[in-house]
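Please find the structures below.
Both of the next two complexes hold subunit A, though its partner changes from subunit B to subunit C.
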Partner chain A sequence: MNLELTQQIRDQARGLLKSGTVKGVIGYERASDGLTARPFFAYELTGTDQLIFDETCSHNLVKYLLDKKGEKMAVVVKPCDSLAINLLLNEEQIKREMVFIIGVSCTGVVETAWNQKSQTLQARCQTCRLPKPVVYDFLAEQEPIRRLEGELYPDILEMEAKPIASRREFWHEQFGRCIRCYACRQICPGCYCPECFAEQLSPLWVGIRIALGENELWQTNRTLHLAGRCTGCNECERACPMDIPLSLLNRKLEKEMEELFSFRAGLTSEEQPPFATFRKEEKLGFEE
Partner chain B sequence: MEEVRIGVYICHCGSNIAGTVDVAQVSQYAGTLDSVVIARDYKFMCSEPGQEMIGRDIKELGLNRVIVASCSPHMHEPTFRRVCEEAGLNRYSFQMANIREHCSWVTEDHEKATEKAQALVQAAVRRVFYHEPLEIREVPVNSNTLIVGGGIAGIQAALEIADSYHKVYLVEREPSIGGHMIQLDKTFPTLDCSACILTPKMSQVGSHPYIELLSYSEVEEVSGYVGSFKAKIRKKARYVDEEKCTGCGLCQEKCPWKVTSEFDMGLGQRKVIYTPFPQAVPNVPVIDRQNCAYFQKGKCRACEKFCEAGAIDFEQEDKLVEVEVGNIIVATGFQTFDPSIATQYGYGKFDNVITGLQFERLCNATGPTGGNIQLKDGSIPRSVALVHCIGSRDENYHDYCSRVCCMYALKHSHLIKEKTNSMVYQIFTDIRCFGKDYEDFYQRLVKEGVNFVRGKVQQVTSANGKEADQGRLIITAEDPDNSKVTQVPADMVVLCAAIESQQDANEVAHILSISRKADGFFLERHPKLDPVATMTEGIYVVGCCQGPKDIPDTVSQASAAAARVLALISKGKVEIEAATSIIDEEKCSGCRICEFLCPYGAISFIEDKEVCRVNEALCKGCGTCAAACPSGAITSKHFTTEQIMAEIEGVLV
Partner chain C sequence: MKVEYQPKVIGFLCNWCSYAGADMAGTSRISYAPNVRIIRVPCSGRVDPLLVLKCFQRGADGVLISGCHPGDCHYTEGNYHARRRFALLRNFLDYLGIAKERLRVEWVSASEGQRFAEIVASFTTELAELGPCVKERSLG
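Let's turn to the complex of A and B:
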């Protein structure tokens, strides 16, 4: 446990609950394996002592704000998670005055499983360039330990270098395993439509059979709906019970958005994502 | 649900379609499709007998859906919708399949064309199955009109409309109205003095009770639609109070600072506080801030001291005015090609190489030389060459013909002959005198002894080889037919610079939501049959902003647009789109993407329900929102997902 950060979070949470500023605090507590972390909702002063922070705090807690729209909540966010806050603010799903953001200056989290934790940082942390959250009300700080340099998308470049046929083969193998449990969607902070296209029956946009073609359609559509919106928290990949490397899809689009529009989702809450704007002067290569 | 009974009509369009598509086969095929009660083919569906045939079938066979497979909806959808309505159906029971532009015109392969025509008909049949009647609504037309640009085009249109007792806002960006015509000396072919025929109209505009002139102003934003537009206009600060100024002109006399005059095309000078020319309307000067000693150096204010009316106001600021209008006429005119870009003509290098517009000023009695045609050094030229097609009909610049240069070059020749003993050369590629009485004018000039030399000018050089403008100029021209090279000596060269679209035409097009052609001029709805309307209803284009033209044509267009506007005003109402969008509040997540995207501001957010809603009066049914809604909560009526899916399936089977 990172004592320095944990203490700051607990103090902050206690103060917020005591003064009645928030109804509850969404943070992390130690899981029952005694090793990893799990989400925790502190509504009572006593509960704040359960709050922790360390390298096992992988979950993006921002998603929970969508269920708590009516009440003011505090939420603990890592730099990567904070991007999702801006996304939801931009898309009018949460109100700024209804959240108190406890930012953490994180130095990376590790892969965990029940009663296991790895020694190396998660892949996304290895390319993360954010030293602190992009939006916060309070910042739990520690000495910044690392400065990253180098290639931002090594995984994508590697994928792009492969011939089409082998990429197709790769994805067919991956999508073939999808069981359409929709865990990726349920956990995604950007997926909040009251009725997802995958479940609409009239018209039936995508069949509900678990078959390669339809799985593929589901996954490509899911990814495309997040173009310019995915903030890279990678919860989908973590949640996927079939270990489908969804980050390769999401990050490919992230890279395209950066190259085409110099846009990264969630950096501000003001800038509309490119696919939600319409400018008459944009010709996109037509009409020239 | 009532039984769907479809009638399908395949048009031959003479041989336009029937020449490539086996229409009989398509019609026979259509007859076999689900719910099709009757399928026929006919020579011209749009003809009287064609229309009657449909009407009769609707009544006798109880059709409730009609498909015509013919040309584009742009051409004849209104025709056939009307036929349906006259026979008692809702106009949205109709669907058009384009088997001409999308089919017969784009291939010579009869078999494939027939196959595609069948697919398009199948698509329409499947689609029309899901059509629903929509309610047609009307909204009142605001009787005010906005006219942008106060050249002869804008002036003419303004007067015609205002004389019928309807309010006009005339926006002109320069300090005075008049446009290019007020710079001209005489006008071809009748040679009447340009100012003499224009200034009466200008002063009428200035004092007309139904015209509100907003000079030195620009339109910044336009919203709304035909019948009710809103426009934001920026009135630039003149630093002179229009209410107080009496137009006495003392300030201009007393201002100690001179700069080159734009109105005299750089040949003369004007004061820093100025009206561009004596007959300016409104007769209120402006202070040229960039050159004003007080604004730039903090000292002077001479004008203020002498102004008895106390009209000078250095504190004045730009003002934003909002107006509501039902129609908009765009009359922003043209600019002339800058010949210094084409260095071979020596413009900007030799003092006595000038443009046609500069010549107009030189010739004019109120111009910089008091109307004397003279060289830079004051002497009278012994020979003048008028060079045609500078930047026009030239693949390097503009492909098109500027239409007025031949005629004004002839006019200039006449004026030179009249005022001097100079030799005159016309160096032309083709002489185009197309207008009424123009050929007579040409014949007259031939008799006056003008020398006509056929050739495309290659270069203009100095006779003594010096760079500086000493002595004669030599024009080298090549005959396009036989490549024969001719050299013509001249003291003065007048370049007939092309008429081109305004530099800011793109911004203006954006503000007004109208289009431009590749040549830069604004695009009319139809080049022959609808030359003043645009694709945006309620917005018209007139004069040289639509393409190069002379004054008679400009005035005709202006009157035509005025007639269109008055027709709409007298009708008093316009039908608004019935195929609007609706939002399913159950599916809406309240992300508000649609609200920001809607180009017509038709969507608003309902705070307490946290969903968006479409205002049907404002919605134009463009479908932007329906395409963008991530939750699929929006349906564009008449373009429902069901209809489009059915259509796609129809093409694919």
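Let's turn to the complex of A and C:
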């Protein structure tokens, strides 16, 4: 457990609850395996002692704000999670005055499973460019803040370099394993439609049977709905029980959006997303 | 008897320009490849990438999206939005293993019947060379 950060978070949470600024604090607590972390909602002063922060806190807690729109909540966010807050602010899903953001200057999180954690940082943390949250009300800081460098999309470039037939084969193998449990959607802070296209019956876009074609339609369109919106928290990939490499899809579009429209989701809450706007003079490879 | 492979093309044509352009090709008695199945849409901006993906899933070999020339959209800016969307989708399809040549976006005005016929002809030839887009079909 990172005592320095944990103490700052606990003090802040206590102050917020005592003054009645917020109704509750969404943070992390130690899971019952005694090793990893799980989300925790502190509504009472006594609960704040359970709050922790360390390298196992990989959940993106921003998703919970969508369920707590009616009451002011405080939420603990890592730099990557804070991008999702900007996304939801931009899309007017949450109100800024209804959230108190406890930012954490993070040095990366590791892969965890029940009663186990790895020693190496998650892949996304190894190329993380954000030392501190892009939006916060209070910042729990620690020294030193490590800045990591390196190629952002090594796996995507490798994939793009493969011949088209082997790319198709690869994806068919991946999509063939999908059981369409929709865990990737449920955990995604960007997926909040009251009715998902995958569950519309008329027209029935995605057939109910679990088959390659339907699975592919689900996964590809899910990714497209997150184009220019995915903030790269990678919760979907961690939630996937079939270990489908969803980050290869999401980050491909992230890369495309950067190359085509120089846009990265979540950096500000004001900038118009690429698909809400256009430039008349751009050609984008199409003849006029 | 061996039947020659004929690519299946789905064409989403905007009501105001390209559909009228295709109509112009017809009334001008210009013959063009019968491979394209035309679906009339109010605007090229109406075409959701989901429609394109669905076409490929259900066995299309190519998808043609055609709208008014940039600047001429009946709804002022629908085709600008379409252009952004399909610039992305094209690259994404390629990444998934569906050749980007299988998605074509063309601007055809109501007077360009000849041009429409030429586009369909060249697209069909290109697709015939690429061969069938083998996919897992949803309903046979």
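The working rule: the second predicted complex is superposed on the first by the 275 of 288 C-alpha atoms of A that agree within 3 Å, B and C clash if a C-alpha of one lies under 4 Å from a C-alpha of the other, contacts with A are read in each partner's own complex, and residues count from 1 in each chain.
We adopt the following convention: a residue touches a chain if its C-beta (ideal position, glycine included) is under 8 Å from a C-beta of that chain, and two chains touch if they have at least 3 such contacts.
Keep in mind it's a predicted model, so treat the numbers as computed, not measured.
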Next item on the list: Identify the partner contact of A:S32: answer first if only subunit B is touched, second if only subunit C is, both if each is, neither if none is.
Entry: neither
Next item on the list: Name the contact category of A:E92: first (subunit B only), second (subunit C only), both, or neither.
Entry: first
Notebook entry, point to check: Which one hits more subunit A residues, subunit B or subunit C?
Noted result: C
Notebook entry, point to check: Should A:W171 be classified as contacting the first partner (subunit B), the second (subunit C), both, or neither?
Noted result: second
Next item on the list: Identify the partner contact of A:E160: answer first if only subunit B is touched, second if only subunit C is, both if each is, neither if none is.
Entry: second
Next item on the list: Considering only the touch criterion stated at the top, classify A:P194 as touching first (subunit B), second (subunit C), both, or neither.
Entry: first
Note to self: If we overlay the two complexes on their shared chain A, which of subunit B and subunit C does A:F278 touch? Say first, second, both or neither.
What the structure shows: both
Checklist line | subunit B versus subunit C as contact partner of A:T120, first or second or both or neither | finding: neither
Check: Looking at the overlay, what does A:T268 touch: subunit B (first), subunit C (second), both, or neither?
Finding: neither
Next item on the list: Enumerate the residues of subunit A that count as touching subunit B in its complex and touching subunit C in the other.
Entry: 197, 205, 275, 278, 280
Note to self: With touch defined as at the start, can you tell me which subunit B residues reach subunit A in the complex?
What the structure shows: 510, 513, 586-593, 596-597, 599, 605, 624, 628, 630-632, 641-642, 645
Next item on the list: Write out the stretch or stretches of subunit A touching subunit B in their complex.
Entry: 91-93, 192-195, 197, 200, 202-203, 205, 225, 272, 275-278, 280-281
Check: Any idea which subunit A residues touch subunit C in the complex?
Finding: 159-160, 164-165, 167-172, 197, 205, 207, 211-214, 216-217, 220-221, 223-224, 227, 252-253, 256-257, 260-261, 274-275, 278-280, 282, 284-288
Item checked: Residues of subunit C touching subunit A in the complex -> 49-50, 53-54, 57-58, 69-71, 77, 80-81, 83-92, 94-99, 105-107, 135-138
